Amino acid sequence: MFNTQVTLEQFLTSIAQTGQLLGVSFVGGVLIGLPLGILLVATRPGGITPNKAVYNIANPVVNIVRSVPFIILMVAIIPFTRLIVGTSIGTTAAIVPLILYIGPFIARLVENSLLEVDRGIVEAAESMGASPFQIIWRFLLPEATSSLILSMTTAIIGLLGATAMAGVVGGGGIGDLAIVFGYQRFDTFVMVVTVAILVIFVQGMQSFGNFAARRVRRD
Amino acid sequence: MIQLRNVTKVYTRAKKTITALDGINLQIDKGDIFGVIGYSGAGKSTLIRLINYLERPTSGDVEVDGLVLGDRSPSQLREVKREIGMIFQHFNLLESRTVSHNVGMPLILAGKPKHEVEARVAELLAFVGLEDRGASYPSELSGGQKQRVGIARALASNPKILLCDEATSALDPETTRSILALLQRINRELNITIVLITHEMSVIQEICNRVAVMENGHIVEEGRALDIFLRPGHQTTRNFVRTIMSIDDEPVAQVDGERVVRLEVLGDALGEPFIDRLKPDFGLRTHIERANTVYVQQTKILVLVLRLSGEPGAIDAGIAYLESAGITVLEESADV
Amino acid sequence: ANDDAAGGDSKTIRVGFGVGLYEQMFRDGILPILEDEGYDVKITSFSQNLQLNPAMKEGSLDLTIFQNTSYMDSVGAELGSDMSRLNFIPSAPQGLYSDKFKSLDDVKDGATVTVPQDPATLHRAMALLESIGWVKTNPDADVATFSLNDVTENKYNLEWKSLDLAQALTSLADVDFAVINGNYITTSDRLISSALAVEKTMDEQTQLITSVLTKDLDTDWAKDVASAYDSQEFREYVEGDDTYVGWVMPPNWK
Amino acid sequence: MIQLRNVTKVYTRAKKTITALDGINLQIDKGDIFGVIGYSGAGKSTLIRLINYLERPTSGDVEVDGLVLGDRSPSQLREVKREIGMIFQHFNLLESRTVSHNVGMPLILAGKPKHEVEARVAELLAFVGLEDRGASYPSELSGGQKQRVGIARALASNPKILLCDEATSALDPETTRSILALLQRINRELNITIVLITHEMSVIQEICNRVAVMENGHIVEEGRALDIFLRPGHQTTRNFVRTIMSIDDEPVAQVDGERVVRLEVLGDALGEPFIDRLKPDFGLRTHIERANTVYVQQTKILVLVLRLSGEPGAIDAGIAYLESAGITVLEESADV
Amino acid sequence: MFNTQVTLEQFLTSIAQTGQLLGVSFVGGVLIGLPLGILLVATRPGGITPNKAVYNIANPVVNIVRSVPFIILMVAIIPFTRLIVGTSIGTTAAIVPLILYIGPFIARLVENSLLEVDRGIVEAAESMGASPFQIIWRFLLPEATSSLILSMTTAIIGLLGATAMAGVVGGGGIGDLAIVFGYQRFDTFVMVVTVAILVIFVQGMQSFGNFAARRVRRD
């Protein structure tokens, strides 16, 4: 049962790495995805400030990035990664492709959430002479908050799955530990422990997300 | 102040087109309280939504404060809109924000400092009778309370023009009356122009100085409120007027030798003890068939439908007397 | 060839390939021979090596061409699958490469070295490093579960960068040294000869093999596969194609 | 039919509690058209939502058709609800479905065959005047049109009880009248019990046989509609009544020696030529100050506020005569 | 440029495999995810038919499955896969874990979309005596359709990314071609072509999704 090759230190390091991968990439992904999702909603035909040019660039860009399998994305952007963080390997290097992977995904979820806001709200905003920025910031985002929180929960859990691939560029993390020891080296103990840790991560994040969304929705 | 020239609005879906507005020409002057009344689906909401360009006309021009809106850039339009408050038929409140936040929104958008917003919000909430509900969320309010929040919000930034789409339809008469009194006050004191859509003639009666009656995308009648009340020209107008002057309801069954007349008594004539004189002076038997007292914008009007009988010449003499006293006498015909 | 297929006239062979160029080598050099002999060969390629042996064990594959003997034996024990080597095949040797340094002597304390992640390949890599005196490894370590924890002595305090096999070459610029499998060098614009160190000889344990379940060892199709790899025709193909420059040929070819 | 016993409904949020209903006792009989009127926020919607258990009472019992709802299982509650149609204050239409589909929904839920649903929908749409809008979506309708869809939907399954939460508040008087006439017809012909929330006294006036007046979560007055109209006991009730009988509006300025009286003429008394007789028979000078004719559930009532002057005894005699003719005479006091 | 090791036939086969992986897994994922998402919405506290027991099983199950990195999931369920499709390798075998991967993800997106439906709609349904099933089928799903379509679009594109990992069990497909040739063999031509094909796939699906959602929303 406790017959394992992995040391406690390795476990702890992995957890820290996953925390770093997840935290930094998620923040980065939100910083890219939220504005991008807003851009898609605002500039789409019939949107707040319809803009064919911007929409017809942003929309395919999101699609293109989302098209590339994550492992390929990791490799394809190595020159870019190196430019940003100075190296193409290790935890920090894994963060760059993770951000690029989750950003456009978040953009789509944000787009979907914002599109669900009642049209009447936008009309009220327009009737007050709100600028596009104000419409987004003061009306759309607050009204969509509960849905956005659930979307972000979905995104961060998806991101956790992707962090498991970080090992390809030596990024480490719990998921990589599961793959390298649990999977490649038949270490059942590691497999069970890592999956348990991941389940706890996910359960925690989902519960928090559900709670926060319910809080915002006040039901 | 507001001018619509040849405005048409057509909605198209699949192969069907619906002409919501058809060749509308309308002028609303500064300081007017302009009522728009009409049946459900007549085009009232569409009309009012053109004024702040929430809806673009299919053809024709909308001019507000000397500016043709169609020529304006988006940011110029926003400037115009900031001067126009709107109360929505369906409230359109932010569910995620408290009542106070909703009411203060126009001020927040204008970048007013926090304490100023708070002070104004408190004032507005007190005005609409929701002083203790500032921390509530819209989902916790009754229908009428939501409408009051919408009203307070529209007034927040002291707009030059106020558009009200059924602003009081969810309100009880007391609240309606206090809201209307407020509208009238801001109209007088701040010289705000008000465009008010309603299906309740009593609202028009209470505060509008001018009225347009809509039907099927057309304005079928337009004019001073008092004129419209006393001399509704179009059948639709008459139908609305009769809702507050129930006298017009059904033709009075006429008996041979009787004459049924409708008296409109207002102004100085109200002081004339005419009812006392018909019998003693003219020998007329008088029967009050229907009666109504209405106030159109604080002007009292007494309308009576009388059955008069007596010598043929005597009736004529009586009527001549009434008219000389400044009373308008109309022969009731059976078909009204 | 599962029982009904191999036993009947249809002569189907289901072959699985993992990471590397062995599939291409098979398609170009072996497949024509087997097809001439009337075999219907079904190829399944895997983007990672791990599922091949289980698939053969469950009977979904007849033949796998991706592993070496030590890995086969070790995993066979782990899985309880009785597998045997059919024959050796030309193999791409691992090498130690660097873009920053010209010689092994340039190694400094704390230098970064890329090593493979999967146990078998890592095991080979450490054997290479051990052969140049940089590390010592636990001699009792099992190939199937070999990990960096089995490195017992690290003379230069080398910092290991454990990466996906293909990643080693791509990120060469970010480390001091990298152990890279020969097939990646072959498909890049580098030469195996540019390595600072190469697996000198691939021994019985590390030379790539074709493997089958032991019970299939004596079947006709297995023998036909083995003889295809030993055929003159195949040798000529390998020797005439510069893809295989620097590769290590089967011991019995000499 | 419907019975509320000691029902209380308290909403709690954060630390604040709002008592929407406070110890309500109410009985609505089979075949009633029961009106609930009250100011905005009085608790009317909450009350009606208890009847089909959209809201559970904090305490107290709700009984419908002999069943205490609190004791029912969810599936039993569904059975009960299928027998209760509801018209919502905010319509609650499916935006994704056509008008026809929305209207037919209760029938679809009941598993009725397609042709039957279609036939009934066509009938209902024609009834609410939307025969050509079946294929439209709610977002393409005006406010009043949406409300009419909601009404048609509530009627679709011929419920035993119909709950109407401001069912006509977004409608013009003509449409309102036709809807009310329909409600009255289904009430009579199918013996459907109707509970009707409104803030418009004219709605009550038109069709309700019984009325409850609510204020602050309490029922402050309850009784037969006619009684409530003629003798409003509570100040709130009076405020509502005066909205259709404008005579109560302001106290009449009284001059010394004059008496101001309010006459209520209904039934046989309407045939009496009383106005003719006051001067010749009693020497009274009569001045019509205010007058109103109203119909409460088809009963005509003529209300007059007269200024009478003459010999003190003569006035008394005149009043005695009026009373003998079956006219109710009330002294107007200055504080009403 | 055209210096590649991959034959046209391999390209075509891969496209067909991706079509199969994507199509079958998506259908399977929807068959699992849609009911599961509905279940989460219906049984949650304050839902249509609140049911603590069911919710407290379904919610963590979704979390647990979503916790496991896809590559591990693929391997972990091999016995199950074999039971279902008779083999653990090849395209059909890859479909089983793909379904298990995307199903719970779809469930979360469905949950989010359904929660955004106006409460008044549910009230109207309840007032008509609609059964929980009818509330879902006749009210919630139609009202959420546009949002659901966008969610499904997001899901199928996410699924496409996951199909790239099908090669781990010999499942093939365009993404695997990209990994095996583009990534592992530095075949730039294959890389470019496969990514181009993926982009076309994604762009096509997203455009179709956007179009369908707009159609349903009628704007």
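Just so it is clear, A, B, C, D and E label the chains in written order, and each chain counts residues from 1 on its own.
In this section, a contact is a pair of C-beta atoms (placed from the backbone, for glycine too) under 8 Å apart; a residue touches a chain by one contact, two chains touch by 3 or more.
All figures in this text were calculated on a predicted structure; none of them were measured in a lab.
Asker: Indicate the lowest number of steps between subunit C and subunit D, counting one step per move to a touching chain.
Answerer: Between subunit C and subunit D, the shortest chain-hopping route counts 2.
Asker: Enumerate, in label order, the chains that touch subunit A and subunit C alike.
Answerer: E
Asker: If you average the CA atoms of subunit B and of subunit D, how far apart do the two points sit, in angstrom?
Answerer: 23
Asker: Centroid of subunit A to centroid of subunit B, CA atoms only: how many Å?
Answerer: One centre to the other, that is 54 Å.
Asker: Roughly how far is subunit B from subunit C, centre to centre by C-alpha average, rounded to an integer in Å?
Answerer: 89
Asker: Indicate the residues of subunit A shared as contacts by at least two other chains.
Answerer: 75, 146, 183, 218
Asker: Using the touch rule from the top of the page, what residues of subunit C touch 2 or more other chains?
Answerer: Those would be 50, 166.
Asker: Could you list the positions in subunit B whose residues touch two or more of the other chains?
Answerer: Subunit B, residues with two or more chain partners: 13, 90, 139.
Asker: So, with touch as defined above, which chain pairs make the list?
Answerer: Once each pair is checked, the touching ones are A-B, A-C, A-E, B-D, C-E, D-E.
Asker: Hey, which residues of subunit A end up touching subunit B in the complex?
Answerer: Residues 49, 118, 120-121, 123-124, 126-131, 134, 138-139, 142-143, 145-146, 216, 218.
Asker: In the complex formed with subunit A, which residues of subunit E make contact?
Answerer: The contact residues of subunit E facing subunit A are 46, 59-60, 62-64, 66-72, 75-76, 105, 108-109, 111-113, 115-116, 146-147, 150-151, 153-154, 157-158, 160-161, 164-165, 175, 178-179, 182-183, 191, 195, 198-199, 201-203, 206, 213, 217, 219.
Asker: Once bound in the complex, which stretches of subunit D touch subunit B?
Answerer: Residues of subunit D touching subunit B: 11, 13-14, 16, 18, 37-41, 44-45, 89-90, 135-136, 140-145, 147-148, 165-166, 169-175, 199-202, 239-240, 243, 246-247, 249, 273, 275-276, 279-280, 285-295, 302, 304.
Asker: Under the stated contact criterion, what part of subunit B meets subunit A in this complex?
Answerer: 52, 54, 74-75, 77-84, 86, 88, 90, 92-97, 105-106, 108-109, 137, 139, 157
Asker: In the complex of these two chains, what residues of subunit C are touching subunit E?
Answerer: 16, 19, 21, 24, 44-48, 50-51, 54-55, 58, 60-61, 165-166, 169, 183-184, 187-188
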